[in-house]
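Labels for the chains are A, B and C, by order of writing; each one numbers its residues from 1.
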């Protein structure tokens, strides 16, 4: 966290104010997020969106995914279990999103060593996602700077992935969000770090995957994709901090996170960010 | 809720007594419900059935789904994520159910605008489901009276769908259940309204989908499909009301609903229905 | 539980000590378990592994599943919803596991009456799994001694399946674990019974499926597959006993089980086993 310029702070009062305003917007407009995601996390992802005040639709069939992406508020494409029909659906959805101007998030789960998703990720990232979200190993692998991580785990820290994130951002015109103890979000030029959160997020499956869906929801509310990714991360990790305080372990944490996503508000963002 | 005749009341003492008796039956006989349902809600649906005292089997493969439907107590076909194998499984399952006399429930999720599920729903509803369950937009779309809703959400109220529900009921010989703040259930002639429930059900994914499975369980216990749909809805929404009172948000509500489905009994149905 | 020899006791002090040591090992080494499992339980299975201190990766695609099985610590193949791609993935994964020496667990869900999974189970068991885990009906069906059970439920008791379990163990060189009120685990020669647990495990979907994944995690830590299966069963059922004491029903039980899997330790194993 050295070498931070003042504009690099998610906890800068102006950034927190923007995140709070976007959160109010989200609850008023209830964006509908199309999720093409893996079979492990569909349920939790939908519940995260509903708890927060957004809507979710898991439309991941060929011939349905494309048309739906044209009318959805935002789109998530997560490569956790990309079966054949879902791969075709993902390709047609991002093409449709590009034409319709639907913002979309790419989560290249476990990309690098596994051939099917790696080929698909390469193709999808070239279609210029609004936001790319991953752990450090995934971001490094996607940028072509490394050989991939340990499956869905990450053995690197977000700052190890900073150069890769910047490269991806510049090459594809995307905002890139790297998850870790301190989350790192960049549009290539600016770098924002979000230090709220809890290690319990790593003990619940889909903790990161659901954040990708939340980013798609926020990206539907503003043309500033960096602000959207920062707001999503801040809201999610502040709710997670609150949930951790009332949890007795990873099971009750996952439940409390849904409760806190429904209640978290601007005052909570201020209180946690000042403290962070 | 104007123009209600006395026989239209789920809270009529005789109706509550029937629901209570069916609930006792369900726990004694533990019907096995075959679920062909979407990837988002499989887990919660199975847990709802198990909590209530029924059994669940997600047999949704071609060549397995047909034979299984002949021996299952009831069958749910939910069109939330109808991938190719599941579509073939659904068709063979309902054919087998018809021959074997297995009661079955059709939940036409997001039907109307999306082509794959709309074609499948048209074919399946012609196979004469015992019960059709959906939100108002889905029921209107399935009846061919409207152009579909906003994905899985519903922008209409149950009473907007009453004519469509009656039409579907008469055309296909089915009981039709329309979910909303007040659930509406009809066999074409009679209309029953169930006013127990909580808005938190709309903040948990699969809240409606799981009710479809519960209807299939109750439909296995009686030849009176209207009574089965009313009992399922009453039991489910009374448990949901109880759960809402102990919840701190949508996460703990979903957990508490499972707890209350395991404990809800006839006395609870009476107490809540008198109050409703 | 008659005719037990002293060496048949999971609650023998030496056995409990081994289980405790393996639990410490698991948390230090965090084995990565590849799960090829059914769509109903993927989420809960991953959360069980994460709560316990292991890692999970649901890599179940052809061309990815094989290479991944060569580097994973352990592999679970569960036949609950074996769609076509998953069947191909399962076959290549077990072939790869055999070459790489990756221990693997076969869970033949609902095998017997359903043709697709029964054919696949026959092929997979011939590939010599490290551990076979199932309910009594499934073990009896897999051994060819019976006609299958009632879908995913089991109408037999573990001791009814003892001869079948021994036969499978001897024929395929596997440890066989049969779930029930008292779990029974055998390598053909030795038989160990584990009597900790709670009936609430039968009210949560995937309670048994997740135990298969835990067995794969423990099997990666020791060449003694019997000790691994006993340790997995003991840790899981002790945590389940603890969870049952704080639960208000099946919903809060499933949550509390994740909390207790994260906290259970050797002292808990000793305390519960002495009492059992």
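We adopt the following convention: contacts are C-beta pairs under 8 Å (C-beta built on N, C-alpha and C of every residue); 3 or more make two chains touch, one makes a residue touch a chain.
Given the structure is predicted, the values throughout are model-derived calculations rather than measurements.
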| item | value |
| --- | --- |
| Co-neighbours of subunit C and subunit B - touch as defined | A |
| Rotation in the CA alignment of subunit A with subunit C, degrees, nearest 5 | 120 |
| Homomeric contact subunit A-subunit B: same or different residue positions, threshold half | different |
| Rounded Å distance, subunit A centre to subunit B centre (Cα mean) | 34 |
| Residues within subunit C bordering two or more other chains | 39, 43, 83, 254-255 |
| Interfacial residue positions of subunit C with respect to subunit B in the complex | 38-41, 43-44, 80-84, 110, 113-117, 150-153, 202-206, 247-252, 254-255 |
| Parts of subunit B lying in touch with subunit C, wherever the complex brings them together | 32, 39, 42-43, 46-47, 50-51, 55-61, 63-64, 67-68, 72, 83, 85, 254-263 |
